[in-house]
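Just below sit the structures, each encoded as structure tokens.
Each of the next two complexes has chain A plus one other chain: chain B in the first, chain C in the second.
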Partner chain A sequence: MKQHRKVALPRYGEYNCALKYIVEQGFETECILPPPLSRRTEDLGARNSPDLVCTPFKTTLGSMIEALEAGADTIIMVHGACRLNYFGELQEQILRDLGYHFDFINLSLFNTGKKRDILRALRAINPRRSMIRAGRSLYEAARMVEHLDDTTSFYYQNCGFDPTGQYRKIYWRFISDMYAAQSLPDIQEGYRNAVRAFEDVALSKPPDPIRIGIIGDYYTVMDPFSNLEIEQKLADMGVEVHRLMNITNDMLRNSNKNKQAKIREFSEFSMGASSTTDIWQAQNFAERNFDGLIQVKSACCMPETDIMPVLANLSQDYKIPVLYLTYDSQTSDVGLMTRLEAFYDMVEMRRKVTL
Partner chain B sequence: MNAKNAFLGIDVGSISTKAVIIDDSNAMLAQEYIWTEGNPIGAVKKLLGLLEKQFDRDAWQIVGVGATGSARRMVGSIVGATIVKNEITAHAVGTTTFHPEVRTILEIGGQDSKIILVENGIAVDYAMNTLCAAGTGAFLSSQARRLGIEVEEMGHYALQSTHPTMIAARCTVFAESDLVHKIQMGHPREDIIAGVCRAVASNYLNNVGKGKKICSPVVFQGGVSKNIGVVRAFEDLLRCSVIVDENGHLMGAMGAAILAKRSLKRTLFDFSVEKMEFVTRERGCGGCSNNCEVICVYRNGVLIDFWGNRCERGAARA
Partner chain C sequence: MSEQKMPMIGIPRAMLYYRYGPLWERFFQVLGVSTLLSPPSSRGILEAGARLAPDESCLSLKMLMGHVETLIGRCNCIFIPRYSNYGYTELFCTRYEGIYDQARNIFRSSGQRFITCNIDAQNGFPEAKAFEQFGVELGFTAKESRRAWREASRALEQRKKAEDRSQKELAGKPGIKVLAAGHSYILSDPYLGKPILDNLDAAGVVTLRADALEPETARKACARFSPTCRWIVSEEIVGGVLLWKEKADGIILVSAFPCGPDSMTNELLIRRIRGVPILTLVLDAQSGMAGIETRIESFLDIIRFQKGAMV
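Take a look at the complex of A and B:
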């Protein structure tokens, strides 16, 4: 077994900071950060992927290739509740066919629902490391993810009303603090600094701003590159952007159990992956009188396609407009802008009549 | 001089370029509709020349300009528009002004199709095609060419048919294969044309119209609304009458002009743009691996606007 690995996880929003923390602090092993996602990543991924697979497969494959180019020799791939379980296996095969040599840690092989088994899988990174310390790093990384998600939610709910441009700087300083963190106090300090800095900025927020809720598939909705920075674009129009879908809400806190029962009126059984959560979130936004909903999904994502008729029913019952957006690796920025602007105009004009 | 205020609206689409000049009470003072022919700047210049002839420059002064359509950003910057709005909003505003009772707006343009649901004169929901442009004007144009007729005549042929041919129109390219197959099988031309028109309507309803409650009165607009065959197909499928405004093709430009009127920004517009030289250049930013395509617009050799960069790095290099 090799002792000095260089470990990488494909880019996934900014969550790579948490993996970096686990690998470096928990396993004392080097972590390679793949370059930020770019059109090149997508091109590399699309060229080597099956055509009709969903876009996250292509993007993560491209990011794996870029990680290998950057010197990584061990790739980690996560698992999930849809075809994602099969991604790792297929991606490993594609990369081997391309001629890369690397070790592959496929978490879906350890997908038993027990946290202990995930730790066992990750142990391959450095088997000589104490399991207790590695376990503690998992716990600390989970705190980091919570802080990251809380800060991100807060940022997109408020940055549209910041006339100074400070919010953006504070947010990105926080992100780089998370990447640099080496201990739990580092993480907590970075978070506290961001919270304090946000408090110092005077916002020009109207008492009742336009609120739009975003739902969508697990990867596209959380990864700003993949959704063409939809949250930032909306926020820049002066919208309070809400997204409940993140790792904290879905895995760490899981504060809303029995979602399926809560949405029984719209859907009696799960359609897989993020479908139940999405419908529940949409209903939650609608009940809180949001001005609009946007569904952000990758092309060929089956669970998200399946919930569209449910969202249409929900839209009629709650009288809330829904914008359905489908992203693939060639979706243009301009086309997205046209649809978002129109959605914003509509929501704004609608208010004048309904209020 | 007591010139009264007038407002110009320009709608530059993929296929056609439209412009209107309206007065304070939304009455049309001048209007023009020409083909874009892949040259939006040239089309706008030509259009302004045509409008200038129709328009009494002593009695009226243009104080606001609205731009819309897919070339709105560029055209907006070259004519110095006071407002630049997306075509969905412009169409909704234009149509609800002239048809305040409308509940559903169907719109099929050259490459896009959209549906706008209206309640109490305000758009409350809309959908627009995203990944697929099957069943839009471009499809009709290419089928007309294959059948050897002008696209404008299609509606006339379609009305003569009594048994429209079934065309598999899920995908534009395969629809063409199916169409060729039906021609070779000996289906009469009128029936095929009627089938194509019906395919456009049903494709639209199954695609952008999916899950939307279509209430009467229905207004149908966009270039394809000029095709009486498609209008009849919609009436059959929706089982209600479909209103086609004689100025339906100008609604986007109308909406842009009305939005320019509503906004409080006022700038005097003269027609000098016609004589200026505009050049656009596309260049890769090169600032990072994303290599954003930055578009720069030059007026008489001077950079007046640029866009396409995702971050400030692109701005510095433009």
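Take a look at the complex of A and C:
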């Protein structure tokens, strides 16, 4: 076991601030942040991955390579639904075949449904640290994630109506505060500052703005680089952008235990991974009379593909237009912009007709 | 046809039918429920399925939806069981979880009834209990359903044993041996995998199959080789490859475009297995057998060359 590790996790939206917090504060271990995702990350990942694997696999692999280049000697990979359980094992093999030397902590190995395996996973990261400290850092990081998600939701619902450009600055200052936070008070203060600063900006928002709801797979919809900043692009067109899909809603708060029952007409059982949450959210947006829905999914994503017939029926029943977007490494900014503009025009036109 | 005259249950001859067919059929038979099996796969069925299913679906799902279509209006309800898991770390491809609801949505306007049996051990429905509940839903007593299930699972076990036996016989034969690895609903499908197997036959090659092996033995082999692989079916295929590869002169990995689990397990196999030539064939809805024959031919040439060089 190494005395001094340099730990990295692949990039995932801005959630790395919370992951960094756990590694540093909970395990008192150095955390290497991989560089922000870029075309290079994507190319590195795509070049070394099997073709038909979903884009998040490729992107996280690329980010691991960049983390190793940046000096990390230990990589931690998370697990989750669908193929994600298997990401780690294959990614480790690919990295070793590329000739990298490193320790790999694959949390999927410990994901057996037994509590003691969770403890084993924590020990693998740093055996000398107290479990109480680790537990507390998990709790505090969860608060950070909640603040991050709440702030992000608020930001994209409103930034399109800020004529001053202040919103963007406040948001990014908040993000960098989260990366710098070393204690719960730091987290709370960063959050309070952002809330206060937002309040000071006068928005010019119409009483009934165009509202679009976004759903999609766990990675692509939450990672602005992967979805080519779809939320910012829509907001800049003057749209109130809503995305319920985030870690807070789906994992921490889980306030809707009866989602499946509410959507049973469309889907009696879970159709895998993000499906139930997505369908429920789509229905929720539709019931609240949103102007449109956008499904953001990675190429080759199974559950998101499988729910497309459900979304089609939902769209018909609620008379809500749906834009289906599939992202792979070929998807371009320009191409996306064209489709978003066309969708926006259509949605705006429908309003005029129905008025 | 009047409601009464129609068979009770329609069964699509696709996807998990190739794995659990004997079990389902025996279950219905013991209970005295009439069934209608969709016709063998054909180009027409696949094309219909490709039209109905989302574009980006895998070939197997498209084929399934094509089979469902042939049953619409010809039976009281169409049976699409939902195989989700056998336990916390014993999972199936997420696609199997969604096919029942997906079919309900795709064929919503037809008014066709669908029925499922929900196998979800994580939520209290291991296979035996799921089928008991299913039997009760069909109007039988719990006891009758349990009996039917017992007989049905025995039927499946017997078939597995027979496959395992004939496989061992094949392995003892002389001549060049090729190990075909893929989902049984690909390899055994008369329109998808069968032409490949026929091709190998015609070339005078003995074809072993990775999916014809006692499941428990195969999964154990896979667990050592790839501990985080948790798709039961993929584990069996990977395990089959590991256990038969010594006997084979070459391995052909056959998969459906764009199969989620295969995209990963096949990559791992290619990276970790040394010393046996491997050919990967990915079947999709458009290209059919074109090009595949030549690839098999040159693969066999390589094998023959290697064998010749060794003698």
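General observations
Going forward, the second predicted complex is superposed on the first by the 346 of 355 C-alpha atoms of A that agree within 3 Å, B and C clash if a C-alpha of one lies under 4 Å from a C-alpha of the other, contacts with A are read in each partner's own complex, and residues count from 1 in each chain.
What we mean here is this: a residue touches a chain if its C-beta (ideal position, glycine included) is under 8 Å from a C-beta of that chain, and two chains touch if they have at least 3 such contacts.
Just so it is clear, the structure is predicted and the values come from calculations on it, not from any experiment.
Bringing the complexes onto one copy of chain A puts chain B beside chain C with no clash. Look at A:326: by the touch rule set out above, it reaches both chain B and chain C.
Touch criterion met: A:346 reaches chain B, while chain C stays clear of it.
Vertex at chain A: the C-alpha centres of chain B and chain C lie 80° apart in angle, rounded to steps of 10.
By the document's definition of touching, neither partner reaches A:242: not chain B, not chain C.
Once chain A of one complex is fitted onto chain A of the other, the partner contacts of A:309 extend to both chain B and chain C. In the superposed model, A:20 lies in contact with neither chain B nor chain C. Once chain A of one complex is fitted onto chain A of the other, the partner contacts of A:233 are absent, as it touches neither chain B nor chain C. In the superposition on chain A, A:90 makes contact with chain C only, while chain B stays out of contact range. Contact with chain B, but none with chain C, is seen for A:38 once the two complexes are overlaid on the shared chain.
Judged by the number of chain A residues each one touches, C leads among chain B and chain C.
In the superposition on chain A, A:299 makes contact with both chain B and chain C.
Superposing the two structures on chain A brings chain B to within 5 Å of chain C, judged by their nearest Cα atoms. With the contact threshold set out at the top, residues 299, 308-309, 312, 326 of chain A are in contact with chain B in one structure and with chain C in the other. On the side of chain B, the complex with chain A involves touching residues 70, 73, 85-89, 92, 119-128, 130-131, 210-213, 288-291, 308, 310.
Across the complex, chain A is touched by residues 53-54, 56-58, 61, 82, 84, 88-89, 91, 93-95, 97-98, 100-102, 104-106, 108, 116, 118, 120, 226-230, 257-268, 271-272, 282 of chain C.
Across the interface of their complex, chain B is touched by residues 35-36, 38-40, 229, 299, 308-309, 312, 315-316, 319, 321-326, 328, 331, 333-335, 337-339, 341-343, 345-346, 349-350, 352-353 of chain A. Interface of chain A with chain C (complex): residues 50-54, 79, 81-83, 85-86, 88-90, 93-94, 97, 106, 108-109, 111-113, 266-273, 275, 299-300, 302-303, 305-310, 312-313, 326.
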